[in-house]
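The first chain written gets the first letter, and so on, giving A, B, C and D; residue counts start at 1 in each chain.
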Amino acid sequence: MLEELKKKVYQANLDLVKQGLVIFTWGNVSGIDREKGLVVIKPSGVDYDTMKASDMVVVDLESGKVVEGELNPSSDTPTHLVLYKAFPNIQGVVHTHSTYATAWAQAGKDIPNIGTTHADYFHEAIPCTSDMTKAEVEGQYELETGNVIVKRFEGINPDHTPGVLVKNHGPFSWGTSPANAVYNAKVMEQCAKMAFVSFMVNPETTMNPLLIEKHYNRKHGPNAYYGQKKK
Amino acid sequence: MLEELKKKVYQANLDLVKQGLVIFTWGNVSGIDREKGLVVIKPSGVDYDTMKASDMVVVDLESGKVVEGELNPSSDTPTHLVLYKAFPNIQGVVHTHSTYATAWAQAGKDIPNIGTTHADYFHEAIPCTSDMTKAEVEGQYELETGNVIVKRFEGINPDHTPGVLVKNHGPFSWGTSPANAVYNAKVMEQCAKMAFVSFMVNPETTMNPLLIEKHYNRKHGPNAYYGQKKK
Amino acid sequence: MLEELKKKVYQANLDLVKQGLVIFTWGNVSGIDREKGLVVIKPSGVDYDTMKASDMVVVDLESGKVVEGELNPSSDTPTHLVLYKAFPNIQGVVHTHSTYATAWAQAGKDIPNIGTTHADYFHEAIPCTSDMTKAEVEGQYELETGNVIVKRFEGINPDHTPGVLVKNHGPFSWGTSPANAVYNAKVMEQCAKMAFVSFMVNPETTMNPLLIEKHYNRKHGPNAYYGQKKK
Amino acid sequence: MLEELKKKVYQANLDLVKQGLVIFTWGNVSGIDREKGLVVIKPSGVDYDTMKASDMVVVDLESGKVVEGELNPSSDTPTHLVLYKAFPNIQGVVHTHSTYATAWAQAGKDIPNIGTTHADYFHEAIPCTSDMTKAEVEGQYELETGNVIVKRFEGINPDHTPGVLVKNHGPFSWGTSPANAVYNAKVMEQCAKMAFVSFMVNPETTMNPLLIEKHYNRKHGPNAYYGQKKK
């Protein structure tokens, strides 16, 4: 069932390790088949070294129930499902504890858009969610984590800013495929690291908003001209 | 004698290198057989490259005397023994000079619990010991190092916060096995690095205590649901 | 056509990855044949893993038109061309988003010349360009990027200071060959990292200008005596 | 001639790369045969990849003249010779531009002794030299570099503090052999990195001098008990 998607999700999980974004089991990737309403996700707490494509767990988008798989799905599965429901164009979701993005999340600060590297992929500052309430933490915590992300994106287009920092926790990213969500996780980590150094050197630094528009649109706008895609 | 435990301790010592936690001979791991009252520990100042499982030294928990082994045990052996005596559930102890944890120890500061990565494994701030007295430094120094750690844990459950910073020195960690103590050493190093960056970005940052409870219990509480362990 | 130069440019692009200066497709190297007035440059958005020497694109220095090659040239090509026209001695140009140099560019600060490592290769501070105007950003952006660099070098000898930070963007470097431009990109990144740490430790630090002269001339002056070149 | 020493010096030069202390040709190691009054040193500006043991250059300690070797010796040779003459017990000298030690040198600050990692190998703060005069910079610069180091060690035992920061330049270290000098270069770099982080976390931190004595003597004092050496 969904063998192709399982392979893609499996490969994207391994890419998290290759890209230096996770140690131990501290990350997970999922992908979605929107026609079937099914999500494929990494099993919870399983080592990347021994994991197989067939270990990926299939979960129903609506009910959250396991449809196929011997293992428990990632404990963050409810967060992934909320994101798939709220952001209709995304095809993959990633969660990591990557060093610099997590450090900004722990600092409780948005990563400001101060460079074209950031603007090439994220139109806005990478937003940090607000504190969760007692009811949210003690209730359906992982589902509520998804809800605070969605709430934070009121007025922000998730297709143009494909990532978020959950306060005191760490980054989630998404994209047009599981692999693209991993790509965006790597970009976010790199931007978090560079922004840290930039602010140490100059705490007052900002970027001209015109440059944001230029760079974002150069790669993603209707007249994009970066890369080999024919216009 | 204790061949299985020697292999585990040997492998855990090599894992310190693999995890990037030690250079040269700057670290040691031990494991305990509590029934026999014997501790197996790395020999002092021996290279990881040439070390063999059979080089591990067997020491008596009570007397500290070498029971088996050609080589001198780690000079930190008395510290390990104090920890095994004071913390009855621990099965492995690790000492390293890993970069960021050592830097916090040199700063003389607890690593505050400001992120879920930390709270997933350490219930409290990772405490830093106080200055040692002249009598402690000039007396049985390594034994007294163990004593200041134990004193610092008055009111802290060592099973829930499996690590400490010895002021101006470096981290010690422990766990349910030698491998688990290494795992906790890696988590501590990663948390130390992220906390450093977080405090540079926002010196005032804190974490909601509710989130600490949630995350610690999600992995370690009676209703833990992370990973594949059956409830 | 220009097979030798294509190989050199191809190899220099791979060296960007080897030197840790780029991830993904975030960098490009070009080389020039000044007699023929032709520039060879990396194609836009192509993976380093799959790229071949024959994928390098040949562009006319004056018109900027593609003379040979199936793929689109790097979107930064117009910047490269402006630099080749303005700086008549340079034979290679590099653009990267390397971490520390980009962080200084995002900070909008020149990298001051505070060490002999810097002075060995860059006679001046590595200058950061000023903000681009609305007309520059919305017009021929990549060409104007070249123009702001050239303007920033009024009074600075580009042969003695072979690199620049484009504000909020990242570093460009150049040299006596594509490989030498990559070398200078690596030096710039290393100097950016060290200067960051130096300023954290001592925000007031400076270097004696005499030392700058000494070191720059030891390697590059008429009486240079570093290395094996005969005087 | 001196084939054994050449091999040791050659291997120690390669170890600089392996230990991550140099990129390109930014480092050199020498060793001495004190009976013969001859120093073996890396040739200037030669790549580590292609260098052979037989490329090592033999130089006369007193005159500084090349006694054997086709290539120019390191341009830092006069500094090495001054150190061998002033510090009679040292058998190897290393110079690098390693990142964090160089950053402290650029900051013009001693690396304070705030941790036992430092105290295990360096009894004092790692001193930073003062500014060189116009006459020193414009005269026999490399020889004068040696002289400012020696001057800085008035009142400091170079056998107990085997390294120095040359202001705005970088670290020199030495030891009981070429390999030991490399070892000390690595310790210095690691201490420089940890001290940077410690001071960011707590700019006021210090270490109890008793702890310095304890740790230095535990490894190097008359009653040293670290490692496997018989007392």
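The working rule: contacts are C-beta pairs under 8 Å (C-beta built on N, C-alpha and C of every residue); 3 or more make two chains touch, one makes a residue touch a chain.
The shown structure was predicted, so the numbers you read here are calculated from the model rather than taken from an experiment.
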Fraction-based call for chain C against chain A, same above half, different below: different
Mean-CA-position distance for chain C and chain B (Å): 46
Approximate Å spacing (C-alpha centroids) for the pair chain B, chain D: 33
Residues of chain D touching at least two other chains: 196, 199-200
Pairwise touch network: line, ring, star, complete, or other: ring
Contacting chain pairs - touch in the sense defined above: A-B, A-C, B-D, C-D
Complex contacts: residues of chain D adjacent to chain B: 114-117, 183, 186, 190, 193-202, 205, 207-208, 210-211, 214, 218, 225-228
Contact footprint of chain A on chain C as seen in their complex: 23-26, 43-46, 71-72, 75, 97, 99-100, 102-109, 131-132, 134, 137-138, 141, 168-170, 196, 199-200
